[in-house]
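What follows is a set of structures for review.
Each of the two complexes below includes subunit A, the first together with subunit B, the second together with subunit C.
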Partner chain A sequence: MSKIVLHLYIAGQTPRAERAINTLRQMIEHDLAGYECELTIIDVLANPQQAEEQKILATPTLIKSLPLPHRRVIGDLSNVKDLLNVLNLPPQS
Partner chain B sequence: MAIEAQPRSKAEDFLRAVVAHDADGAIVVDQHGTVRFLNRAAEQLLNRHGAELKGQVFGFPLVVGERAEVEVLRPNGEFAVAEMRVLSIEWEGQDALLITLRDVTFERQAEAALREAEAFSIAILNSLTSEIVVLDEQGKIVAVNEAWLEFGRRHGVTDVSTIGVGADYFAICAAAEPGTGGPAVLQGLQAVLAGELNEFTYEYPVSTPEETRWFALRAVSLRSARKGLVVAHNDITQQRRAAQIAAEAEMLREQVRQMERELANVEAISRPDDMARSRLAPLRQRDAEHFQRALNRYGELLEAALASRVHRLPAPSRSLRELGEWLGSIWAAPRDLIDIHLQAMRDRSQDHTPKKLQAYFEEGRLLLLELMGHLASYYRSIAAGEVSFRE
Partner chain C sequence: MCADQIERLPTGITGFDHIANGGLPKGRTTLVSGTAGSAKTVFAAQFLAAGIKRGEPGVFVTFEETPEALRRNMLGFGWDIARWEAEGKWAFVDVSPQPEEELVELGAYDLGALLARIEHAVRSIGAVRLSMDSLGAIFTRLNDSRVVRNELLRIVSTLRRLGVTAVLTAERTQEYGEIARYGVEEFVSDDVVILRNLLEDEKRRRTVEILKFRGTSHQKGSFPFTVIPGEGIHVIPLSAIELKQRSSSVRTTSGNAELDRMCGGGFFRDSIVLVSGATGTGKTLMATTFMAAGVRQNERSLLFAFEESRDQLFRNAIGWGIDFEQMERDGLLRVICNYPEVTSLEDQLIFMKAEIDRFRPQRVAVDSLSALERVATIKGFREFVIGLTSFIKHQEMAGLYTATTPTLLGGSSITEAHISTITDSIILLRYVELFGEMRRGLTVLKMRGSSHDKDIREFTIDSRGMHIGRPFRNISGILSGQFTHIAPSEIDRLSAMFRDDESSDAAQDKPSAS
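Let's turn to the complex of A and B:
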């Protein structure tokens, strides 16, 4: 079963960031419960270098590194259904 | 945007022209989120060159409803807040997304500053121990402090929304039971609002099964562009107790003044030639030990008198006569008795309920007058030669 690796870039503890984190936790716990998921949250204010290396232009940005293909989503990450659709998750085995 | 109705190349040219000159940042991305085009405003917003960004993945934009807010990151680590809208278009013959970014950093900063100012105002209100309510010109509550809500909770309000922001203070006053002062308060508040009064004050009691506390309401106009009132409620129970003690003291002085005149005559007759007692300093000053002893004894008799009142027993009159005689033997004057009495009252005013304090006053007054009588009798006896003066 393929591992799911997600990186969420946020800019401080804003309501937007908190909404995105809550949505992702909900998505991982319910919709992706049968998959091995790794979610890393990166605050670009604390790690500007990492954001620059990844060429993050806006936050919140969610990057799906695995399974391929890579997918990068920005904006309002509060709708689980939209997110799963755009990220093409859960992976089709 | 009626793009489909035109030949593709013309529609794209038209769109490019519109987007290029748009004051908002515009970024065209393909279905993978890769940048195909961005206008000058977007370059400025991102603080990056277009050439650097073309072909780079910006991201697939997600909005819920019409728009979403994002932070736009700049190379120097700063960021702007932008309102993002997304439109499906065709670009270079392929499906694409037009992302427009409107810089709302200033608006959000202004909103944050406003929220901070409001929070600061609320923090000031919450730091005050007075119960504060701010009303608009219709009498609706627009702000309250924590002390006010706590006051409500302490007095049985279970739903604080009934006394919180949005509640109708005027309606609460109008609906108050007759005799509670509600209509008088309403009239006063409206007079301040109309500019007929600079301020309105009203004192009222609040009773619980344990005690009655007194509060003073003070209403003044809100000093701002908005018309309204600031209503402060202060617990004045301590001040009222102090005023009550002062009034009691004054009344006692009146009552004993007459007795003093009578005693002065007796005193003059009974006074030994070698004593110029009228020039004696108050007992408290000239003999602190005896004053304390008298105070202790008076306190015991006061407590006993109160117990007698509660249990309906006869008061210990003999002991009081003995105290009167003893005070006479150390040449106590009426003012010393008053001094002892008032000190005993002051000692009890801190730790007792108003009801018990009232009982102390009533019993103390009787006790003092009786003690005065014993002192007068003692001096009369000396004057008549029935008792010899003892040093």
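Let's turn to the complex of A and C:
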């Protein structure tokens, strides 16, 4: 079963960042409960160089690097159902 | 100049600081707006490149071209961005589109990451300048224009806080109309520069206009500019050129003793003489003689020839007993032959200025201006002549331009009409039809600051050059080309009448005196 790797870029602890994090937690705990899932949260204010390397434009930005294909979503991820749809998750085995 | 409180940052873009009265308002963000192909990116990059040459590091935020493309494209201007990056003088913030990754929007967002990256880049190299190119690209990538506008406003105020002087480029859809697309001017409206790429009479013409600098002064109106390899943008600040050349009363020889006499003792040293005439009347000869006379008195002489090839010019000169080749070998003469069609008039002017700067001549001749007129609009041509003239006069050189009249007999050239007020002296060369024979006539029409011979003199050309003879006596209407011959008997009768008067006066005086 393939691993799911997610990176979330935020700019400080803003309400938008909170909302995005909550949606992701909910998704991982409920919808992706049976999968190995790795979520890293990067604050661009503390790590601007990383934001530069990943060419992050907006915050929040969620990057799915595994499973392929790559996906980049911007916004506070208001809705779990839409998010799963956009990310092509859970992976079809 | 008014004493304004706003400090300037000289851009280092040639000519631009002149029209900007010193440079861009320091610590502020200037919007540079233009249509596609108006050299916005070059302006943005040059602003940084020129800064680096002054020891001011810069950050380039690119929304459109990739850093790789910019490094490659700007190398042609002599800007080695990769080296500057390695030296910590230039930093990219790459916001160019990533084709492999599509961006999906889900919910509300801001540009906090971009702001953090910009601030990080500015701090890490201690940037004094920043360019963002170009705003339109980000509006097309993100759906929520309102958010983008708000965030750009936040970026601009951050830049202000950081004390960075910035250039922000934006697209326009038309050359005349709204300042920029997407209402960008709403948040960076203090300082606006417009670049135009116009098509006039099927000729491309680039101009730059400073629309406003809030609370401070700048030159009004638009100024032509050109983009030169190895240099970048070069603004020609024509109407800003100060026409306050020192005019000296030092005379210098035209190369023809009789012509010098007609001009009241020669040409003035810092003056421009226009020689106008039909083809074959001897304009090139006058230019050649003028050059040779300079060389003979050990003056450096520079000839720009736009009508004849080098071989032809040198052969002609030999025919008049002047050895151009030897003079060039001696380093006193430089002949530059050029086809006017190969470049725009703006580029031609810059090229000529550079040649003048390099050779540092005491005399300059241009043969002929009319050839240059063919490749430009009337406005462009006039600007060229003003630019060249003021440059030559500033250097305290003697200049001679030739202009070709379109008709063989009489008439005036368009060139003349546009530049006669700019030049100090005008010499007309004309064909004169005299009883079925073509002769040549010469007259000094204008000689600023001096008296001159008003006659129309006949002249001939042989292997030793030009020989100015007696005035035409029995013909009128030479300048208009509508000749009227006055019968010699009539002239004799009239002059005899005067002679009679004089002798009769004398005859009358004598008896009374005795």
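Criterion: the second predicted complex is superposed on the first by the 93 of 93 C-alpha atoms of A that agree within 3 Å, B and C clash if a C-alpha of one lies under 4 Å from a C-alpha of the other, contacts with A are read in each partner's own complex, and residues count from 1 in each chain.
The working rule: a residue touches a chain if its C-beta (ideal position, glycine included) is under 8 Å from a C-beta of that chain, and two chains touch if they have at least 3 such contacts.
All values reported here derive from a predicted model rather than from experimental measurement.
Colleague: Who does A:52 touch here: subunit B (first), subunit C (second), both, or neither?
Modeller: Touch partners of A:52: subunit B and subunit C.
Colleague: May I ask you to decide whether A:60 touches subunit B, subunit C, both, or neither, giving the answer as first, second, both or neither?
Modeller: In the superposition, A:60 touches subunit B and subunit C alike.
Colleague: Same subunit A residues contacting subunit B and subunit C, which ones?
Modeller: The answer is residues 11, 14, 16, 44-45, 48, 51-52, 55-61, 70-79, 82-83, 86 of subunit A.
Colleague: Which subunit B residues qualify as touching subunit A in the complex?
Modeller: Within the complex, subunit B touches subunit A at residues 32-33, 46, 48, 53, 56-64, 68-73, 75, 77, 79, 82, 84, 86.
Colleague: Sort out for me which residues of subunit C touch subunit A in the complex.
Modeller: 93-95, 98, 100-117, 119-121, 138, 141-142
Colleague: Taking the touch rule as given, give the residues of subunit A at its contact with subunit B in the complex, in rising order.
Modeller: Those residues of subunit A that touch subunit B are 11, 14, 16, 44-45, 48, 51-52, 55-61, 70-79, 82-83, 86.
Colleague: Which part of subunit A faces subunit C closely enough to touch in the complex?
Modeller: 9-12, 14, 16, 19-20, 44-45, 48-49, 51-52, 55-61, 70-79, 82-83, 86
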